[in-house]
């Protein structure tokens, strides 16, 4: 891989030194960590068999997560259009482009959970904060893809439509929309799948959905119910991925 | 019909893509613009419908100064100027019919454009033009399923849908093989004459230009240095435009047969 | 051809879609809107919260500015810990994702059962969010960076394993057959025939995942799994917004730098 032996060995030594430094600098309660294997065994034995008795609670959480994901994907998909247009350098004026790009960078940098907790502080506990978090994440993700697709389009067809005397909105629906629509829908469906995954976690900081239930089971050492929830989440994510692949396959 | 008055364009401070170009087209004729790469042919065409904003000078179409129009006035002026492109510039994922109808976009409302509900006479016109360019029955094919020659015919139909007062044509054959080039040129020139539409045509292929145009403009370094009929385009004139070269192959009368070799010979020397 | 006289003969109606196609499109469209509307309504969102949202946001911004720069001294160490968690987590993943990928690739897995196991590990790993893994590992190892490292690693296995398995399935079979022909053991075939071909993919995905993991590590502290998230959570709960804004800025800086480094390295090795 690396031809130069000096560089190769240098990198290796640097890696070893980094390992020593990082492991040394971590504040670890080794006595507590040493019990890990032991505790893991106990936790796993308490997890089995998974407890599906409280299925109505489980179902309510899952449905709430699913609704959060659906609502957020739909809203995000629509709001991503103006942001995506503004963030495409070939159609937006320079200042608008710069503002839109900074919004994209900012929203992509912060983890969903950080955004969720800020929304929880503003809007209080509950699904509203969760939906808003997922909306922000969706706008950012779809908007970025949209902007890149528009930039990759090139100017040719837009130039041709402009030359017919069409106004800017008509240039958009004729010169831009048909070319990017299939990928836009594909990305949106993918985002729905991602939102289903993320909706299970924003609840941990109180933003609604099954995550809230899950986090409660951990603090109550209610591990058999935890496992039931985890298995349901895995199944849901699996189904979501399957659905998303199926739809994207049909979109060509 | 069309008057160009000392049109200039500079992209950067020290280079002039277009330098004080003036000429007039007074009758519906096909005017070929020839010249080496980078001579400003494409810039000239695009400055007329302001896809490129000229730095100074005027373009006056049927008495209206296009260069001084505001954006809505410009859109109205663009409706009257059909444009045909080197790379066809069709919207690939739209059908042939939608591409042709897009020539009417300046005349329909946004909602009509969105719903694709064009007036019946536009649709009849589109069918007629499709038949005229030899694409009868292709209306529901997607543009990306067509060959280069077919795409350029759609491009011609789209431009003519505008019922233009002026056709701007930018290297219509540069991406096509010699045989298809001739077919496309023939259709284009026939239609331009038939509809009495003055046509400004960029072309680097001198034999094609001599064969199909009524008048030739020669450009070099952003300046107009030749203006005359195809007969007046002598070896001496070509040398002025392109520089020293043996032009005997290109100035032969029987270009019809010699086009393949001539155009390749020309390309080899010019690049 | 005479254009005027033939005019009457051309169709005056053209439709992009047949009526059935139009109907299907409208049904899809309405279905999507219906599902979205139902979701929003069923969530019982208290819309009146939005009435003073702009006031709240303005108030928040007011409290966040200026950031409490002096707090950086407190944050520096947790910030470094965050990077360590991401890096060490990625290194652990490197060693686990690898064998799992060989199980999950159709052309290197020993049999149908091992393939299923491999696939299940990958799917399960990816389905559970890093933060959820962190909940589990905090219960096991107690609060602290060790839980964070394992959480990062367990989430990344699915991501890297999937990409590596795909790369293995697409390798060139010539060298593999050549080595099999020498009668080499299965492990040798993997090490000599397959591994060198997928190594660039492995390095590339590791670096890519490392950069994602930096972002993930910033929130592990919310559930006690180490890193800057602990301080961030504390400051948010105390409404110390000037500290929060400082931490958000440092996170922004670290994430952007790591993204840049990751892009740079990936460009170098591919």
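As written, the chain order gives the labels A, B and C, with residue 1 at the start of each chain.
The criterion applied here is as follows: contacts are C-beta pairs under 8 Å (C-beta built on N, C-alpha and C of every residue); 3 or more make two chains touch, one makes a residue touch a chain.
Being a predicted model, the structure only gives us computed values, none of them experimental.
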- Farthest CA centroid from chain C: chain B
- Could you let me know which interface, B-C or A-C, is made of more C-beta pairs in contact? A-C
- Message: Based only on mean CA positions, could you tell me how far chain B sits from chain C in angstrom?
- Response: 50
- Indicate the whole-number Å distance between the mean C-alpha point of chain A and the mean C-alpha point of chain C. 7
- Specify, in ascending order, the residues of chain B that touch 2 or more different other chains. 98
- Touch list for chain A against partner chain C, complex: 1, 18-19, 22-23, 25-29, 32-33, 35-36, 39-40, 43, 63-64, 66-68, 70-71, 73-75, 105-106, 109-111, 113-114, 117-118, 121-124, 126-128, 131, 197-198, 200-201, 204-205, 208, 211, 214-215, 218, 221, 223, 226, 230, 233-234, 237-238
- Item | Residues of chain C touching chain B in the complex | 1, 3, 6-7, 10-16
- chain B residues touching chain C in their complex are 95, 97-98, 116, 118, 120-121, 123-128, 131-132, 139, 194
- Using the touch rule from the top, collect the residues of chain B that touch chain A in their complex. 49, 51, 75-83, 85, 87, 89-94, 98, 102-106, 110, 113-114, 155, 158, 162, 168
- Query: Any idea which chain C residues touch chain A in the complex?
  - Reply: 32-33, 35-36, 38-40, 42-46, 49, 53, 56-57, 60, 80-81, 84, 87-88, 91, 123-124, 126-129, 131-132, 135-136, 139-142, 144-146, 199-200, 203, 215-216, 218-219, 222-223, 226, 232-233, 236, 239, 248, 251-252, 255-256, 269
